[in-house]
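As written, the chains take the letters A, B, C and D, and residue 1 is the first residue of each chain.
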Amino acid sequence: MLGASGYAGRELCALILRHPRLSLAYATANSQKGETAFLPGGGSVTFDAADAIDLDRAKLAFSALPHGASAEWVARAREAGVKVVDLSADLRIGNGASTGIPYGLTEWNRDAVRGAAVVANPGCYPTSALLAILPLLTQGLVAPGAVINIQASSGVTGAGLTARLDLLFGEITENYRAYGVGNSHRHLKEMRAMVEGKDVELLFTPHLLPVARGILSTITVPLRAALPDVLAPFRAQYASEPFIEVTPDLPELRQVNGRNVVRLTARAVDGLRAPTLQVFSAIDNLMKGAAGQALQNANLMLGLEEPMGLPQ
Amino acid sequence: MLGASGYAGRELCALILRHPRLSLAYATANSQKGETAFLPGGGSVTFDAADAIDLDRAKLAFSALPHGASAEWVARAREAGVKVVDLSADLRIGNGASTGIPYGLTEWNRDAVRGAAVVANPGCYPTSALLAILPLLTQGLVAPGAVINIQASSGVTGAGLTARLDLLFGEITENYRAYGVGNSHRHLKEMRAMVEGKDVELLFTPHLLPVARGILSTITVPLRAALPDVLAPFRAQYASEPFIEVTPDLPELRQVNGRNVVRLTARAVDGLRAPTLQVFSAIDNLMKGAAGQALQNANLMLGLEEPMGLPQ
Amino acid sequence: MLGASGYAGRELCALILRHPRLSLAYATANSQKGETAFLPGGGSVTFDAADAIDLDRAKLAFSALPHGASAEWVARAREAGVKVVDLSADLRIGNGASTGIPYGLTEWNRDAVRGAAVVANPGCYPTSALLAILPLLTQGLVAPGAVINIQASSGVTGAGLTARLDLLFGEITENYRAYGVGNSHRHLKEMRAMVEGKDVELLFTPHLLPVARGILSTITVPLRAALPDVLAPFRAQYASEPFIEVTPDLPELRQVNGRNVVRLTARAVDGLRAPTLQVFSAIDNLMKGAAGQALQNANLMLGLEEPMGLPQ
Amino acid sequence: MLGASGYAGRELCALILRHPRLSLAYATANSQKGETAFLPGGGSVTFDAADAIDLDRAKLAFSALPHGASAEWVARAREAGVKVVDLSADLRIGNGASTGIPYGLTEWNRDAVRGAAVVANPGCYPTSALLAILPLLTQGLVAPGAVINIQASSGVTGAGLTARLDLLFGEITENYRAYGVGNSHRHLKEMRAMVEGKDVELLFTPHLLPVARGILSTITVPLRAALPDVLAPFRAQYASEPFIEVTPDLPELRQVNGRNVVRLTARAVDGLRAPTLQVFSAIDNLMKGAAGQALQNANLMLGLEEPMGLPQ
């Protein structure tokens, strides 16, 4: 585990420690080397400096290094013959030059992930939104030229374990605000890349919630035609997926807390001239939005069963 | 004060106690008669049964009785020659038969309020949304036939001081969810009535935040044409309004907590073919969204200065 | 599971569903019969009326019925030949007539629990406090005649899933208060009964925290003599206990969230004439303080391994 | 205002802006010079570098500079002939050499404050605790040689507006913990100095609450003899105090939020051999515990009415 001291890194260390077939070869964190951190769910990990460890002590490395710093370490790991799941944005689709590296939105890219040496793990917002809209797009249900309006709210761990004044408890409690507006958030690139070729546009507005974990996306989708059964496209797509819960009820953050699932539903919008659907999608940003999905991908890359060691 | 034991009622009692020209003639709450409640900001009030008081001990009555129960008491107060600000939905525009009673969205209906014997105080969500979109609509800036997408999130006091399991702390903390979806929330009627005659449709999705107070509305508006200065329509409209803060920054709930203001900004949405604006509007649902606006209206009805006794 | 719809009941249903050797024969909740509830960690349960089920479909029944109502169902289950872990206060030591029923503070009563047909599961506060003070008392370290001052703070789920105005999110967030003061809380009886015969007195003050789960007890203990190693009494006592974490660091609620453990430490108090110790003890009130400890006891009563199916 | 960018500094700027007789001559914050900050309750302030302002533009300066840095600026202000209220610990009683500077616990030191050129404003915890125990001590009600056990819990703004990982929302929400234990917190010095000469010892344990503001102290006091009326000593002492609320009810943090008051009650402890009292005391750490009390002192130093410009 490279860059293990942040929220996603610690979550992944905890998953690895409980995994029936994996063990934790190393956990690096230059700024906290020698320190021991308590892990979610119990247990602890002591951090090494990245330069002090032999990368090839592991068959597969997870990198939760900061955006920008990760790509270099992915390259080093590859030289050492180590497979990598990169949780940073560095190698993701839509972020600069085409890399040919699979985008690890597992349910949509399973075959490419299975054979890959490197996988770019999706961002948390894109995971929440893409799993909700791709069934509609691939089944041709969206109105041509439509603007898909993605309004999403995230818990503060999405911003990482960084000492920022605006993330202090005193600034977040009893507060709520939008940020990264004007369609300017970095995650929009991945989402756009994944809907390329479809005749739609994306509008994305993230908000910051006074909760530790979780993302709820409320997505408005103009339809080609009204749907007789609004859940059918999702049920058809995800019937055999262990980590996707299609439900008639509106999803809540608490239902996905600590779990590697997306929970989603859809509702027709009444009283508008054009047929319109709203899709509601909830994930734990640190699990299905980061560490959990990374482990899902790693299991596939290592020839293990995909759900192994994952809290459903 | 009729129906004084709820969140809005207590807030209003507290405002009246501190008002330089008003005093509290009575505060009724049948279910809590004889009990004394601590008021926000200090002080307390003891509740009477509604039948035990003489309505005409006051020149003006506020009613924060439940929807359905309020209309009858408004009628009684009128018979007793008492002016009324009704905080329930019973007499609001769009809620059934045309009543001719002014809708107390003060900044847009000041003249009608000033002379009225009864005023229907707006709902909290409509206050937040209408103050944000009416400048664009009245200035002809919205694309004809547009769907205005109102995504709003409210603190739990918006649901009232009612003993519901789903409003317990244990159910709300670290949680977030949509509700009243499919364009079905009661407040939509008021909003639609206020944009009647404009060639637009409204889509409204409320969400429940883990905060006590505050509403943030994120509103997407397709424009007739891109705006050279996105704040100009709001600044023009609200230049002399003491309770509307047009600001370049994104508003936050904490900035309006305990204050009788709307704080709003607008941003152009990038990367879409059609010119599109987002308006962000924050209020304290108990102040500008209920008690504060009610007092603004009462001041006008009593010939007092509109801002008298109102925080900021 | 009798009385399955409350917080402890749901937690226990979730544990049973994931248990490798147990399955859920029934889950009763008269007020919610026919309803389906989402369980912590995923999965769901549908409630039956208590009268509609055959008690002997299970070998062992958990009762999380309200205090007062539970004793009758425990009797019925016994008649049907079903073992019972009773989570109510009805049969606990110190609550009225001597029942001879073991008090299921597992680490201190393991042998009695193992052979029992009925076990009274301890209250959450007593679990937190007794595990912290019993090692000092049984090792004769406490000053004769001492007053042990137990200051404890609990999350709101400790008050149950009941529709009380004072437990609404709007009343709890950004708030904190003592309750049950003057040494009057029901849980004090169990604690006193468990220290009977020792020459000490107990002072207990509970407080209500704005968190969903967790109890932290800060306990001041006058010592017979200063201790060379303040952790030694606890390490000696609990060396082989899987669910007790003795640590040099101050325990935090987050470290025990969702886990069936007590995490505790001790510190000498400086600057006082009399040698004095403070013990800090953290539990998850719904796990080690209720459902988890109940399952620990049930495992023993059924001849299973004590830690089976328990998180950490 | 020197050191105006922290929580107490901003609170004080907001109070000054609304004060009927004071105006804000300057607000310094070297690290944020040129920046504009939103103030609690509305309005804003732009910070200057401390070196860029003429201290004597004000008749009285408040210093909320960090402990250690403040003393130097107090000296500079004095040279410039400016009175000072120092909110840091630098000049407080018990913190090193005797300074002769009045300790601004206003209700107990009013006369000394009135004539002073410099006042050391008390810490938040000492304000909460001393106002609760001094009436008992000065009236000779405490058992000789008693240990007064002060258990206090504070909101996170007490730790200041500093970018510390352990103060992030993600680390504080749903959490609670003790800190500064073993009787080692800095504030203990002030408390001990203020009870010097009384035959008592103090034990003080602070805890960190998941709330923004507020301190609740639960204080156990062994009495010389049982009291016929436990509130009488407080009512006698504080009968004419505008900022002290003696109440039969247990105080809650929400009751003092944003207000310059201490709200306190007392309860006899039942079931102990020795007569024992518990005192419960709630303040807003930023108001009565910092900015509000500072303004109370400043009003006296400037010959204004003590309550001027203070909420409630």
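As a working rule, contacts are C-beta pairs under 8 Å (C-beta built on N, C-alpha and C of every residue); 3 or more make two chains touch, one makes a residue touch a chain.
All values reported here derive from a predicted model rather than from experimental measurement.
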item: Contact-graph separation of subunit B and subunit D, given in steps at minimum; value: 1
item: Most distant chain from subunit C, judged by the mean position of its C-alpha atoms; value: B
item: Whole-Å gap between the CA centroids of subunit C and subunit D; value: 37
item: Distance between chain centroids, defined by C-alpha means - subunit A, subunit D (Å); value: 45
item: Set of subunit D residues in contact with two or more other chains; value: 155, 171, 173-174, 210-212
item: Touching residues (chain side subunit A, partner subunit C) in the complex; value: 38, 41-43, 173-174, 255, 258-259, 261, 311-312
item: Residue ranges of subunit B touching subunit A (in the complex, touch as defined); value: 145, 147, 149, 151, 153, 155, 171, 173-179, 181-184, 188, 201, 203, 205, 207, 209-214, 216, 218, 220, 250-254, 257, 267-274, 276, 278, 280
item: Residues on subunit C engaged by subunit B in the complex (per definition of touch); value: 7, 155-157, 161-165, 167-174, 210-212
